[in-house]
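Every chain is named by a letter (A, B, C, D and E) in the order it is written, and numbering of its residues begins at 1.
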Amino acid sequence: MLVGTVVGNVWSTVKDPSLQGLRLLVIQPFTTGKESAEAIVAADTLGAGVGERVLVVFGRAARHCIGKGHDIGFQTAVSAIIDRMELADGRTIGPVANEDI
Amino acid sequence: MLVGTVVGNVWSTVKDPSLQGLRLLVIQPFTTGKESAEAIVAADTLGAGVGERVLVVFGRAARHCIGKGHDIGFQTAVSAIIDRMELADGRTIGPVANEDI
Amino acid sequence: MLVGTVVGNVWSTVKDPSLQGLRLLVIQPFTTGKESAEAIVAADTLGAGVGERVLVVFGRAARHCIGKGHDIGFQTAVSAIIDRMELADGRTIGPVANEDI
Amino acid sequence: MLVGTVVGNVWSTVKDPSLQGLRLLVIQPFTTGKESAEAIVAADTLGAGVGERVLVVFGRAARHCIGKGHDIGFQTAVSAIIDRMELADGRTIGPVANEDI
Amino acid sequence: MLVGTVVGNVWSTVKDPSLQGLRLLVIQPFTTGKESAEAIVAADTLGAGVGERVLVVFGRAARHCIGKGHDIGFQTAVSAIIDRMELADGRTIGPVANEDI
């Protein structure tokens, strides 16, 4: 499971039929260092908004969260919206990205 | 799921028989930073062209998108062609790479 | 399996129901070099605390460690708390991060 | 699926019995940037030689390509030898690495 | 499959019961470039020692190599000890790390 920040939305018309009706978010993985990482796209059924911190899961766990069964053309999903994350270096990270970084 | 840009095509004669007839694209993963990443190759059944932004899925999800069953020698596929991606930093990214970056 | 250091905790209210009651830790993967890496979040049933070194497993192995079956929305877990790690360059690494780095 | 260049061979005597008789190649993943990446080792049944460009697959797809069933101790295989790869930046990449880079 | 060098050992008392009796090694992935990578931990049944080069496999392949069935809390294993690796740049790499790098 990764922690990331919702940084955008994605829309698509030409797609595998199993993606119909799924809300797709762009997620920026959280790093404790400074490197940027690849942006990932996750299906979201919890209503996460831009700027919110979320837990992202993959594969079987993602299909479970979406709840459409295992015969689908996606593999990444938001499994939780984060309320609070406390790090050992003293930082407390709230649910919204701009508050703390 | 990754977002990437189609940057090329691949042809092969000597290959596993299950790859016969599959259109193979070279995809450059999208990063919000500047690092280049490994190029990935995905099978495409949606007709994505060079310069288009696409969603790329892996494993079971990819086999679902290709529709040839699970006993095949590939694991990556295009699941959607992206119309529009809006990022929190104000960028709006259209379906074609050269328009916006 | 990765070795990492527990660097924080995560709390969430809005989440997939299968995550209910799981203790979630933020883990910083151990590198022999200096690069920071993406922070990962793992479910923990062993009682690992901030600063402790742990083994982190993924997928089927993680679901085994959590013990809630395979139909769940997570995929990463702590499988062991490390007592001691001896490296070829002479370093001996104890269970607590600040002792040795 | 990754594209890579065959950069070497690997021999082993002490190994899991399921690896007996498999030809093992060292593959350097192809990047559009300049970073070197981890070398990967893939089983090859197609006869790829040093310097050739190949498609590399993982997991279930790799076991399919090797054709020894699913109860084996490897997970990476060459699924195709690349004849030609055309990239959007104008480069045409032939089957042999030294010709074009 | 990755090639790596055994750089250390790991001991743990508090762990998932399925890890009982497994020998755990710290492996440094081999890169053709200079970047250090995350250290990984693999279960070993072949008797690999510090400084030896090994093949590391993941997931189902790893569970096969360990031979305890699929309901276990680990996912990485040593599948072979490398005798010799020949690279296209002329380097010949023996089984022990310090001989050649």
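By our rule, contacts are C-beta pairs under 8 Å (C-beta built on N, C-alpha and C of every residue); 3 or more make two chains touch, one makes a residue touch a chain.
Remember, it's a predicted structure, so these values are computed and weren't measured experimentally.
Q: Starting at chain A, find the fewest moves between touching chains needed to arrive at chain E.
A: Shortest path length, in steps: 2.
Q: I'd like the angle of the rotation relating chain C and chain D after CA superposition, in degrees, nearest 5.
A: Fitting chain C to chain D on C-alpha atoms yields 145 degrees.
Q: Same or different for chain A and chain C, when you check if over half of the residue numbers at their contact belong to both copies?
A: Mostly different residues.
Q: Taking each chain's centre as the mean of its CA atoms, how far is chain B from chain C in angstrom?
A: So the centre of chain B lies 32 Å away from the centre of chain C.
Q: Could you state the distance in Å from the CA-based centre of chain B to that of chain D?
A: 20
Q: Two or more other chains touching the same residue: where does that happen in chain A?
A: Only 35, 37, 59 qualify.
Q: If you connect every pair of chains that touch, what shape comes out? Choose line, ring, star, complete or other.
A: Contact map by chain: ring.
Q: Which chains make up the ring, listed in order from chain C with chain E immediately after it?
A: Following the ring from chain C in the direction of chain E gives C, E, D, B, A.
Q: Of all residues in chain B, which touch chain A in the complex?
A: Going through chain B, the ones touching chain A are 1-3, 29-35, 37, 46-47, 55, 57-62, 64-65, 77, 79-89.
Q: Help me check something: in the complex, which residues belonging to chain D touch chain E?
A: Touching chain E: residues 6-16, 18-19, 24, 26, 28, 35-43, 50-51, 59, 70-76 of chain D.
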